[in-house]
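Common to both upcoming complexes is subunit A, partnered first by subunit B, then by subunit C.
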Partner chain A sequence: MTELLSVENMVVGFEGASRPTIGGISFTLRAGQRLGLIGESGSGKSVTALALMGLLPDTAHLSGSVRLAGRELVGLGDAKMARIRGREMSMVFQEPMTALDPTMRVGRQVAEVVRLHCARTGSGHTRERVCRMLEEVGLPDAERIADSYPFQLSGGQRQRVMVAMALINRPELIICDEPTTALDVTVQARVLDVLDRGLREVGAACLFISHDLAVVSQICDDVIVMYRGQIVEAGPVAVLLDHARHPYTRGLVATARLDEVAPGARLRVIEDFWDASQERR
Partner chain B sequence: MRRAGLIAGTACVGVVVVMALVALFWTPYDPGQVEASQALAQPSAAHLFGTDGFGRDIFSQLLVGARICLQVGIVSVAIGALVGVPLGIWAGMAPGRIGRAIMRVSDVLYAFPALLLAILLAAARGSASTGTAMVAIGVSTVPAFARVAHGATRSVMARDYVAAARASGIGWGGIARTHVLVNIAPVVLVQTSTSFGLAILAEAGLSYLGIGTAPTTPSWGRMLYDAQKYLYQAPLQLLWPGMFIAVAVLGFNLLGDGLRDALDPRLRTGRHDD
Partner chain C sequence: MRVASTIARELLIFAATLLVTSLIIFMVVNLLPGDVAGTILGPNADASSIAALRTTMGLDRPWPLRYLEWIGGLLTGDAGRSALSGQPVLALIGPKLAVTGWLVTLGMALAIVIAVPVGIAAALRRKHLDGLIWAGLSQLGMAVPAFLAGMLLVVVFAVQLSWLPANGYVRLAEDPGGWARHLVLPVVSLAIVQSAVLVRYVRSAFIDVLGEDYFRTARAVGWRFGSAVLRHGLRNASLQVLTVLGLQLATLFVGAIVIENVFVLPGLGSLLLSSVNQRDLPVVQTIVMIQVALVLVINGVVDLVARLADPRLRAEATEAGA
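Let's look at the complex of A and B:
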């Protein structure tokens, strides 16, 4: 399998911060591979996603190398980057309640992505394609959904629309930034199922960011663990979950297994496994 | 009860608009027709609001004055909005050095009164006219529009849907057109209504001082100026234009406040959605 995305020694620093938010991480993603990225809040997961998409704020500084299908993205102009975004790689955001423009019908928002990247498609054709995509992500009433405003849809429906927006141009890489964190568990399972089928159908690779090990193990083949802007461990999901080498990863895995805690007993926390103060510089 | 202001404002604005429309097709007399024998006539069936010191029909002048006042309002607010809103959006979307520069220049312009600008323009052009008044008032409303658009744009740019739009490959121009413009429209609309009221007041003030509309154009401010000479003989003369200026300004301000309440989603639903 060929390498689709290769990140080498990526460093992201923010103006005024004493240490970089991302301190030189490297990883690769093969075509069609699904890589989970886990870590606690503030470990740099979302910044990594924004850096890959070229969406970092002006106050951030990015260095190192990010190659998508052999093409260097670091230092690429915004106009060129905009042509890659949405066509070769796209992103699903965490908050479905705020990631859709409240003043625009969702069908038009999805159609916008199609029109941006496919020159000369008739509006009837685009509409048809949008509705078909909405049906594929499990919105059977596609015509009605397409004519709805975001506030008329539920959180799960909105997130499906977001997934449809990400998939519709059949990109090679989809970055999901905690796509199901804001949803309740039953809706989460359905949206994950839709995402899983969509990814397989399009044949896209996926960088799946989450703090939820259960979700990651359901979707991903491999996983990397981030802590304070560094990758502390990487490997196949099964190996990593059962035989974690790094104490931080062992802590993450153990704290996620709530069923092993006897009722009434104290819940275990990361610090039981990993003394964070040792690492602080 | 919150709707009361909106309804009252719409009614006041409606009166002025109807007067202006009527004046386009019909006035009881030619507003400029001087008839010395009829000077300072009391209100009667022939002259509804009486006549002024030159024997001109006040009602006809008021009708045409409404048209002038709306014309000044529309043109000057259009200048303010068409220049100010794009500048504000630009500054809001480029928050670095460019944005700061735009807003500082606009702040300087804010400190410059419309009156002074109008005097300067009139002096530069050698004569006062409705045109110079409109330009002066328009230019002085630019910073208000820029400021309002800037603030609203900054808040829109921080929203997730802008990040999502960028992630799907929409460029800056596309985001400005499809997301920013639509989402800041309510605040800009409110600003438009409020500025309209201020523009009418400014025009009346400029005309009263003689640097607004030309002497032959019947404007409410100029009518006030003419009427003050006959303050003791015919005090009613002063009342009419003053009353209509008050009605128009009050109407546009009430309309602006009413729109603000009606368009603010948080006031409407009583919940914070951000």
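Let's look at the complex of A and C:
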């Protein structure tokens, strides 16, 4: 199997910080593979995602090697990175409420992603393609949604639009940074479902960042665990979560379990989680 | 229909505000001690001749009557005559308003032309020396009073270099070249101070926008940094700056008096000042009235532009109008 993404000894440090936020991590992602990235807040999950996308703030320093389809991304200029972003690799962010431009109709924002990367598309054709994509992510009333402004849509609808933007150019890699954390539990399941189908349809690989073990086990084949800027454990989801060796991972699993003692829907989620992992075994 | 009713409602509010303001202006102006009869006859006039002049001028009639006369005249486009010169008030004000209007609009336009790129540069480069220098210059510019900037410009460009006239005004219709040359220094000195204020707001608006999630999204879908700033930053940032801009413009129509004095421009401010000193009440009332109307109109236009640019406000407006 060919490697789509290969990260080697990636270090990310911020100005004024005593130790690097990401302390030399390495992992690979095959074409079409889905890799979960879990870890507690501040463990460096989001920074890893931004580093791969080349979207770190000016104050960050990135070193090591990130190869996408054999091409080195570290040190690539903004113009060249921009051509890769949104076409070969795209991203879904955590906060759907603020991730879309409030002053622009969402249809136009999705259409922009198409036009940015293929110059020779007529606007009628683009519109058609945008609406079809919106339907695919579970927005059946695509025409009306496309003509809406973000503030007229719900969080779930906005996140579907974000998923549509990430999928529409059929990239080889999609990075999802806690894409359902900010959503209601019921909406979460549906958006995950849409994401799952979309990834399969496009055949894209996915780096799925989450702290929700249930979600990761539902979406991903493999998982890596980050702790304080280091990868402490990696392996197939089912194996790793049931036979966690690293104390932190065991703690994480246990904590997740304790969390789920809370009343309501989340209880069911943890049950699903155990069922799913047992089936996979 | 909704839009039409919204506009109708706004116009009604506008008219009501003007009416209430006119009453306040009239009361305040008429509360000033001394009157024009005293000015005309001089400090040595005896009380009986002043009283006689007041009667001939109609100043002894009850104020509600005089108010109604004034406001009725305004409605029919006749603001009465100057108590001092006998000239129609509007004919007196017209040319002065043109001077102030040119000064303020050109000054603000230049301020925007300077402040937007400088503000953006200061925001983008805020962690570098050049960005800090821009921000520092803006602070400095705000600290310099407009009259000082004006006088410094006069010293350099009029006195030392003799490139431009130090003061005075020529009408545009008379001599366009002379008009332009006379306006350069006042417009520049006004723009320096105003742009310094504006740079601050443009800078902070862009710093906000650069930190917004949608800006990161724009970059993530493949916009290059500069294109993302223009495409998704400019409109959102300008929404923040717009209100400040309207406020500045409105203040300037009243506050340009300082610059007008430095450059001896025959503007609205100078006329207002001399009319107050001479207790030429018809002129004072009407100038203040015009200034109030201008402020209201500017605010209305800013509101309208904000609604056109911001879909959230537009939705609010149609809901309110329904």
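Some notes on this structure:
Following the convention adopted for this analysis, the second predicted complex is superposed on the first by the 257 of 281 C-alpha atoms of A that agree within 3 Å, B and C clash if a C-alpha of one lies under 4 Å from a C-alpha of the other, contacts with A are read in each partner's own complex, and residues count from 1 in each chain.
In this section, contacts are C-beta pairs under 8 Å (C-beta built on N, C-alpha and C of every residue); 3 or more make two chains touch, one makes a residue touch a chain.
Please read these numbers as outputs of a predicted model, since none were measured by experiment.
In the three-chain model built by superposing on subunit A, subunit B clashes with subunit C.
Applying the stated contact rule after C-alpha superposition, one finds that A:Y149 touches subunit C and leaves subunit B untouched.
Shared-chain residue A:V113: touches subunit B and subunit C both. When the two complexes are superposed via chain A, 131-139 is the only one of 23-31, 59-67, 131-139 or 311-319 in subunit C with C-alpha atoms clashing against subunit B. Residue overlap on subunit A between its contacts with subunit B in one complex and with subunit C in the other: 53, 55, 58, 78-79, 82-87, 90-91, 93, 95, 98-104, 112-113, 116-117, 162, 165. Interface residues of subunit C, counted against subunit A in their complex, comprise 127, 212-214, 216-225, 231-232, 235-236, 239, 309-312, 315. On subunit A, the positions that touch subunit B within their shared complex are 53, 55, 58, 78-79, 82-87, 90-91, 93, 95, 97-104, 112-113, 116-117, 162, 165-166.
Across the interface of their complex, subunit C is touched by residues 53, 55, 58-59, 78-79, 82-87, 90-91, 93, 95, 98-105, 112-113, 116-117, 149, 151-152, 162, 165 of subunit A. Residues 95-96, 159-161, 163-172, 174, 178-179, 182-183, 273-274 of subunit B are the ones touching subunit A in the complex.
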